[in-house]
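Each in structure tokens, the structures are laid out below.
Okay, so subunit A shows up in both of these, paired with subunit B first and subunit C after.
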Partner chain A sequence: MIRRYPPALVAGAAITVFMIVVSLAAPWLSPWPPNVPDVGAILEPPSWRHPAGTDALGRDILSRILWGGRASLGVAIGIVALSVGLGALLGAAVALAGGWIDTLVMRLVDIALSIPAIVIALALSAALGPSLGNLVLVLGLLGVPFNLRLFRSETLSLRERPFIAASRAMGAGFAALLGRHILPNLAPVIVTFASAALGSALVMASALSFVGLGAQPPTAEWGAMIFDGRTTIMYEWWCAVLPGLAVALSALGFILLGDGLRDWLDPRHEAR
Partner chain B sequence: MNTVLALEGLGVTYRRRAGLFGAATEVKALSDVSLHVEASECVGIIGESGCGKSTLAGVAAGLIDAGAGRVRIAGELMPRQSRSRPLAARRALQLVFQDPYGSLDPRQRIGAIIAEGLTIHAPAGDHHDQVLAVLAAVGLSGDFINRLPHQLSGGQRQRVALARALVVEPRVIILDEPTSALDLSVQAQILNLLLDLQAARGLGYLLISHDIDVIRHLCHRVIVMAAGRIVEAGPTADVLGNPQMPYTQRLIAAAPSIPGLVA
Partner chain C sequence: MLAFLFRRLGFLAVVLLGVSLITFAIAHLAPGDPARLVAGPQASAEAVARVRIDLGLDQPVAAQYTRYLGRLVHGDLGTSNVDGRPVAEAILAKAPASLELMGAALLLAVLAGIPLGMLAALRRNGAADRTVRIMAVAGAAIPAFWFGSILIILFYRELGWFPASGRFTGTPPPAVTGFLTVDALLAGDLAGFRTACAHLALPVFTLALLDLGLFARLTRNQMLGVMAQDYIRVARASGLPEGTIVRVHALRNALSPLISVVAASLAAMLYGSVSVETVFGWPGAGQFVVSAIGNLDFPVVMGFAVIASAAYVVVNLLADLLLAAVDPRVRLA
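Up next, the complex of A and B:
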């Protein structure tokens, strides 16, 4: 039987793989070094020499977009690994444990979710000092409560399945239930959700870099590049618009990939 | 006599609250249920949906806390808290579920599913030979080890569920509607397999079913339950042939009978 892949999955996977490969290959693909100013080529429009133009310091925009992908995509992946990974692990553990642990943790999650995350992210990033590492830490940890709640409810329905009861009746302990049955069965949901979350993590990280709390000059990063290009956007549009397109295209790729994975891994969609 | 499972005056009460501020109502899922299963004996439980059959299985299997009464497995008294039940007792009593789709982890291979009990109860050593032996005992070949549950038919899946129970060498198995999800011809095969295994290993069975024919085929004694209580009990021929209680008479009259299928 040939299984047809949903179009969203194909498109999303193609865009995502393209963006990641191109970013990883930046040292070989970039026509210019990303951080070397050239006073002879300031704010040049796109041309054969500079396919995406140059910025106010004469740096090649295309090279900076390619290098910036490493920072921007790397940060997004780090944030998602932390927030979805930790959230899924804690959510599954809390749901499986049940009782007062579950009640206590969920009240804490309610409190955490009632605090505006972006304000906390701004304050914490400023307090810890702006850097990409701190950005990952702050945005990653701030995403944990939301993911914890999501994967807790997934686990609650998983927990009632007969194969879990069979394992419990056999005498399987907490760690065995979690590691052998719950987490492997959550894996498709985790992968799907992580992929969609990459899109919003990328946008969020770019936004914080835009306000100066992420990448520091001269590091190439998409959000920081948009910030650098904002003053000239009405005339030398390529400085801000082209990195913005890179953010938008990557986010679209991640979201399509997430949608496609959800459709593809959901057994109820298999019949079509 | 060699009693492998005894329930004495078992009671379970669920408290339900209607909304956050509603009054709590108590539902008695089981009250004052006593029964015993001997080695090499099959005891059947019949009753309508919601009569407490599955709660009974859950308490006996250590999945639900007993509110009142005692559970003894192979003579040993179980703690009321299901989670403090000793491992040796979990080994002695095994459970086979109704739904052969849901009772096998869809992401584990058959070999791992069957070996799980061994990894819990006999962690040392290689389990491969034991898994092969028990697969053969339930009539499946060794190449099933590497398959996934969704590649198996319903009957094959129920054989795997049985193999998972048998591999730890239990004294008593609770069979919760073991054939109701299967085709009629497969049902007969599984029932005959259950009889063969009982004869070879001296297993005690507690068989929960609403299929009168299955009960008649397998069980030495029958217990009739309604609303969490035992309303009638006795040898199978007496209870099914000459029911005393009106409830039992209605239950038996309501069952569709296919003569000659299992006899």
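Up next, the complex of A and C:
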């Protein structure tokens, strides 16, 4: 039987692909250079010349949104690669190893999850100094405990399946079990969680960028653009509203993609 | 119950120790020589060396940590690099404004989110159910600080219904609790109470958005799960009215897991308050910490992390105890 794709999956995939392609194509699509100020065109409202208006330095907002996508989406992808990737690897390894390693790591995870990560992220990025690389490092590492616990429990149910026992009986070692059997079988769950996590990573990174802990001027990045635009929000609304729209739209795409993938890969969920 | 309490208190101590280790490590990562920062840029090398000994920075790291921990236990979070005020005092002075904002937002999210979620569960695929689904996704996708800006444009600039910044217009009531709404009522100042509420409206709604969707969706899913249970079928078969079944049999079982979620949502709200306070010029701890980040005032940023983490851990402990009190299954686990 051919299963129809859930509408959330189609919509999410369409939005996600669109945002990523448009950001990658920024050098060709941008009508203006993103970082060159123009004193003759300060805070111009949207027009044919500047379809999304200009900011307080006369830079074209549309071009900055397009270029900013590279920074913002790149940061989100980096955060998720680190948090979900490392979390899945460690979670699977810990579940497979079992014994005192499992107990010890899970105690540490319990402690880590009792601490509000975002508050620590704030302090840590302030201490490391603001940069996009530090943002990826901080938010990526702080997301590891949550994903570790998630993928550990996924692996625990996988571990009891007959094919694992069979490979064990055939003499497969720890690394082979992990790399050839556990991780490939976790892949659908990893992809589903990663796409949903991209949405929250994007919103969280832009929120830290908004308080000055992300991109440094003149780098175009959505959170920093909203921050720059907040002082002129009352009248020159386009400076902050349009980059925010880009964040919300991309996050929506990632979240729908994650929901759709979950329904598609695990039809039992659809009932809820 | 007593054993449970002791186990949770022990865990609390371990977590707080973890927080202190993390903040100590972070403070060590901060750029710049703290002795130089304290002594001032013009100080001689000898003066800086003297300050280093005074601050105990010549000691081994382990000794520095015990010293730091000893101070934390006594509520000493250091002094601000900018104005030399004790950090704990400065942050706690800003706390009532933040607590008023967060408390009102949490109240709104709980009081609106739970009924909405129940309505969605009882009328599946109806208008409420669709609203809940949209709100849950929107709450997760829309950055709060951006949503706040949109509300300012709409409700302040276009409609003029609510003020866009600050906590009060006119002379604030005499400080008793630090919550301006409560203080105005205590002073019998109804106009002041209205002003304080009007100032709260937009930031509270902004901050509540994320949790509103979350609580509503969770209530909905919990209700759906509980309503499918056998004991509900038995209640129905015995001819009880649907309203009684929902109120007496379903609600308590559906809502007890929400206690933990509400407490855990405090982490997002702590951070949300930082950006929302910045958008609305709300003079609380969040805005204070953002200006400290801008001024490279690390003691204030670290102090905020310590106080916020400790508050979060304690609130979650209280939530666990509350859950254990209302739900006997938890105590036995």
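In this section, the second predicted complex is superposed on the first by the 263 of 272 C-alpha atoms of A that agree within 3 Å, B and C clash if a C-alpha of one lies under 4 Å from a C-alpha of the other, contacts with A are read in each partner's own complex, and residues count from 1 in each chain.
By our rule, a residue touches a chain if its C-beta (ideal position, glycine included) is under 8 Å from a C-beta of that chain, and two chains touch if they have at least 3 such contacts.
It should be emphasised that the depicted structure is a prediction, and the values quoted were computed from it without experimental measurement.
Once the two complexes are overlaid on the shared chain, A:Val211 sits against subunit C while remaining clear of subunit B.
In the superposition on chain A, A:Met170 makes contact with subunit B only, not with subunit C. By the touch criterion defined above, A:Asn185 lies against subunit B but remains apart from subunit C after alignment on the C-alpha atoms of chain A. Annotation for subunit A, partner touching more residues between subunit B and subunit C: C. Shared-chain residue A:Ala14: touches no atom of subunit B or subunit C.
Using the contact criterion defined above for the overlaid structures, shared-chain residue A:Gly244 touches subunit C, although it does not reach subunit B. Residues of subunit A that lie in the contact sets of both subunit B and subunit C are absent, per the superposition on chain A. Contact residues of subunit B toward subunit A in the complex are 61-63, 85, 87, 90-91, 94-95, 97, 99, 102-108, 116-117, 119-121, 161, 164, 168. Against subunit B, the residues of subunit A that register as touching in their complex are 161-163, 165-172, 176, 180-181, 184-185, 187.
Interface of subunit A with subunit C (complex): residues 110-112, 114-120, 122-124, 126-129, 199-200, 203, 206-207, 210-213, 223, 226, 230, 233-234, 237, 240-241, 244, 247-248, 251-252, 255-256, 259, 272. Contact residues on subunit C toward subunit A in their complex (touch as defined above): 11, 14-15, 18-19, 22-23, 26-27, 29-31, 137-138, 140-146, 149-150, 152-153, 157, 221, 224, 266-268, 270-271, 274-275, 278-279, 289-290, 293-294, 298, 301-302, 304-305, 308-309, 312-313, 316.
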